[in-house]
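Below, subunit A partners subunit B and then partners subunit C, in two separate complexes.
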Partner chain A sequence: MSKKVLVVDDDPDVRLFTQTVLEENGYTPVLAKNGEEGEAAVRKDKPDLIVLDVLMPKESGIRLYRNMKTDKKFKNIPIVMLSGIAEKSFLRSQKVLTEFGGDPVPDPEAYLEKPVDGEVLADTIKKILG
Partner chain B sequence: MNAKTRKNPDFHKMLFVTKFEELGFDALQSLLVLRGAGLNHVVLMNVIERDRVAMHRGLGYDKTEARKLREIANIRFIDWAESLFEKGMEVGEYIVVGNMVSQVLHAAEEENADFIVIGQRSKKMMEYFYSGDDIIELLRRTDRPVLIYKHLESNGCECLPDNPFARTLLAVDWSPASLSAVEYLKTLKHVAQEISVIHVAAPGELKGASNMAIQGLRKEKRGRMEQICDIFEAEGISARCHLYVGESIKEIERAAREFNATMIVLGSSGTSAWTERWLGSTPRAIVEKSGYPVLVIPKT
Partner chain C sequence: MTRVLLIDDEKVSVQVLSLSLRSDGYDVLTAFSGEEGLEIFDREFPDIVITDVKMPGMDGIEVLKNIKERSRNAEVIIITGHGDAENAIEALKYGASDFINKPVRDESLALALKRAGKNIEMRAKLSAYTENLEKEVAHVTHELRMQSRFLEKLIKISEEGIVATDRELTVIIYNPAAEHILGYPAEKILGQKKIKALFSKELMQKYQAKRHDLQKRKELEHFETHVKDRNGNLIPVRFTGAFLYEQGKIMGSVAFLEDLREIKRLQKELLTSERLCTVGQTVAGMAHGVKNILHGFKGGSYLMEVGFKHNDTEKLKSGWNMIQKNIDHTSELVGDLLTYSKVREPEYKPCRPNDIVEEVCISLQQTAKENNIRIIEDVDPAIEEVAMDGRSIHTILMNLISNAIDACIYEENPGKSLSVMVKTTLEPEQIIRFDVIDNGTGMAPDVQEKIFTSFFSTKGHRGTGLGLLVTRKLIEDHDGTIDVASEPGMGTTFTVKLPFRENRIPLKIECRIR
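And now, the complex of A and B:
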């Protein structure tokens, strides 16, 4: 059975692009358009990997990332961040949230800045999922 | 979620609506003082109005142009969001094409925003930004507080206060909406330095009255305002009350000047004829004409 990859992004073009890359590489994509939908999809579909945007309506990728990595049921799901937000800003935000009293979280398995080449995205996912 | 089911008054989630020219990152930064009142989530919103990208009649809108404008807005928001994320804030964004008021109402509902911020620069510049009519329509249709944020004119230049809530002027008429404003302002104890509570009595209330009756009116109004000041003082916010007599719009503006206010706060929406009068004229005129940022709070 092919591995399931959850794509959480509010941009329909990015969702379509990522979906195509995933299907071409034998993965089953599951799509969500914000952090809130993404979190529901994680619970329902139990994906093998998450491709996650940062800046989205309702719930950002920062919050979803944190929720996943501090939940013992989901913390081992690898996450590839795919965003226009700089990696440095993402990492700083997590540090600040930890300083505010949150649990420490590990760095994501990969961080790709938009726009990303399809091959780079596919290779990154392959390396993680084996 | 409507006003009847909304949670307690607070300022945790802000919908910040901008066209960039009237409200920039400096305006957003100045509102981050609300972190002291629990602000932890900023939703950035840019509405590309259809007429900016409209094609000839009946042909819809130019999607290529809309896409370009979206990307330009996105570049700005990414920059702002990085800075906000690094401060530990939660950030979201909406860049949409459509009618400004409808889109803002929709996003506020979707996000369950606690309040909306929208910009308005000086009157001479207003034609370039959200029209006064749009803001008035938004105020009429929303059940959320709306901050109409403006640059203050000072010594010939336009500037933003470091803390727009530092010296708040609250105009009260004891309508349900102005009492709701009291509830909101109570949450600003770590943000507001002083609240000036004012009431403007109509000259008609004094007409034909004896000196004793006028003194009695003053005593009664002051007593009621003192009760509101006591509420703020109990929360640790310094508050003073002041009675004015005259035309409400002029007197509120005068009071704002006299107390060097950084913001005017008014109640909105009511059902009684008296409140309707207040609503129909005063907040509308203050929003449209005042040189101060104005926070309009609906009844809860």
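And now, the complex of A and C:
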């Protein structure tokens, strides 16, 4: 059974790109176009890995990431961040949220700043999923 | 002491009279002929002259004439023979103060002298009074002249244009600053033209409504508007004006115009430098947009590679499509950056603003439909063909209406019936107002603050972050204004006001033909 990877991104082209990369490398993609849909998909499809964008309407990647990593049931699902936002900025935003009275969250398993080559994305996922 | 000159060829009579006069307290000079009398008169300036009529040589009438020629105010008393009415009348004709008959009696002489003395006194008083009055008048006249010259100068050197009229509304004050703003030469305006030759009907109505009672002190309001100069150019001014009333009656009107061209020019300069500065800041913010575009290219080429590998036309197509989209996105971004950083004068060319609204709405119709958003056009039929920069209007509306559609797409309330209304209104003083009203997601105050000022996008991958900056710049280049009202969850209204020119051949070209 091939492993399931959830892709959360508001840009349909990015979803199509990541979807193709996953299919080419033998994974089963599940697609969501914002944080809200992403969270529903996590519960329903129980993915083995999440590829997550940061800036999205409705629920952002910052919030979804925090919800995953502070939830006992989901915190072991590895997350690959894929965003135009710099890694620094994303980590800072998590730190700020922690200071505002949240539980500390670990850093993501990988952080890829757009633009990313399809091969690099595939290698990153392979390395994590083994 | 009053000085009396006594002229008589009869020495005895001179001696007797002089004795009697001296005892009455007069300072007496004597002469025994008309000629001698005149000589003494010229030397001693007596106050009163008493002369006999009948004398050998120069007679009394001659003496009188001569003295009166020298000094009109000299008091001359004539002594005539008994019943010599003819001489008496002549003497009076030549200005004698009095005459007494011979033989001279002390009482009548005293009386005549007293009268002459009174005359002198009166005259002295009158002259002092007159002199005083003249001085006073001269002083007041001088003051008045100074004051009016001062006022005239004030009006003349005033940086503000001043245009004032009499109660018939004929222009009577039109200073050089007004001349500079409006362009009409003063000699063609002053005393000849009515105020309505200078100001538009709308402006007249606006300031006619401001009745200013001279007895009641009240601050005059001012407002920014445009006046048309001699060549039909719109000149931005700060206008203060009122019709002046005193006790309910119109006294005239006055208008002050502050030329805002220089200020507007400086504002524009400042905006340009601010804008270039923003472009600098934008580079950092823009990186996000550029990263997304590059990622799109990577995605497109990856899809095409996969397509070639598996001979999958579907993948090839979507890869190519992705690349094309990002080419468009790149040119959009570059175009926005160029528009934003370049200074471009608007081109006032004939166009129909309502048609541009229609055009933009049609081009966005598909996106709106896909997202269940209704686009409603509500155009003012009073708007006809006018001279404006149609290209700018197109870009402005395109940005605002697509923003409005995005605001609807982002709305989270699924039950809401979403719409974007585009409205045009013809406003006074040659202004067209465009309203773009959506009932989408709305903006919080902190977002509203940011939208015009710097690179800012709430749209993630889709915005260049420059749309509203570009919009604001185009509007300001067109001497217009943009305002926003928004409430989270309720929607947003953008209001743009742009001035237009009448659609006719500009006068500049006419001049060149001549």
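One rule holds in what follows: the second predicted complex is superposed on the first by the 130 of 130 C-alpha atoms of A that agree within 3 Å, B and C clash if a C-alpha of one lies under 4 Å from a C-alpha of the other, contacts with A are read in each partner's own complex, and residues count from 1 in each chain.
One rule holds for everything that comes next: a residue touches a chain if its C-beta (ideal position, glycine included) is under 8 Å from a C-beta of that chain, and two chains touch if they have at least 3 such contacts.
Model, not experiment: these values are computed from the prediction.
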| query | In the superposed model on subunit A, is it clash or fit for subunit B and subunit C? | reply | clash
| task | Based on the superposed arrangement, let me know which partner A:Ala40 touches: subunit B (first), subunit C (second), both, or neither? | result | neither
| query | Just subunit B (first), just subunit C (second), both, or neither: which does A:Val116 touch? | reply | second
| field | First, second, both or neither for A:Ile85, with subunit B first and subunit C second | value | both
| task | Identify the partner contact of A:Ser93: answer first if only subunit B is touched, second if only subunit C is, both if each is, neither if none is. | result | first
| In the superposed arrangement, which partner chain does A:Pro57 touch: subunit B (first), subunit C (second), both, or neither? | both
| query | Where does A:Phe17 make contact in the superposed view: on subunit B (first), on subunit C (second), on both, or on neither? | reply | second
| request: Check each of 94-102, 166-174 or 256-264 in subunit B against subunit C and return the one that clashes. | output: 94-102
| task | Determine where on subunit A the residues touched by subunit B overlap those touched by subunit C, and list them. | result | 55-58, 84-85
| remark: Residue set of subunit A touching subunit B in the complex reads 34, 54-60, 62-63, 84-86, 89-90, 92-93, 96-97, 99-100
| message | With touch defined as at the start, can you tell me which subunit C residues reach subunit A in the complex? | response | 287-289, 291-292, 294-300, 302-303, 305-306, 315, 318, 322, 325, 410, 412, 460-462
| Contact residues on subunit A for subunit C in the complex? | 10-11, 13-14, 16-17, 20-21, 24, 55-58, 84-85, 113-118
| remark: Within the complex, subunit A is touched by subunit B residues 43, 74, 77-78, 81-83, 85-88, 90-94, 107, 110-111
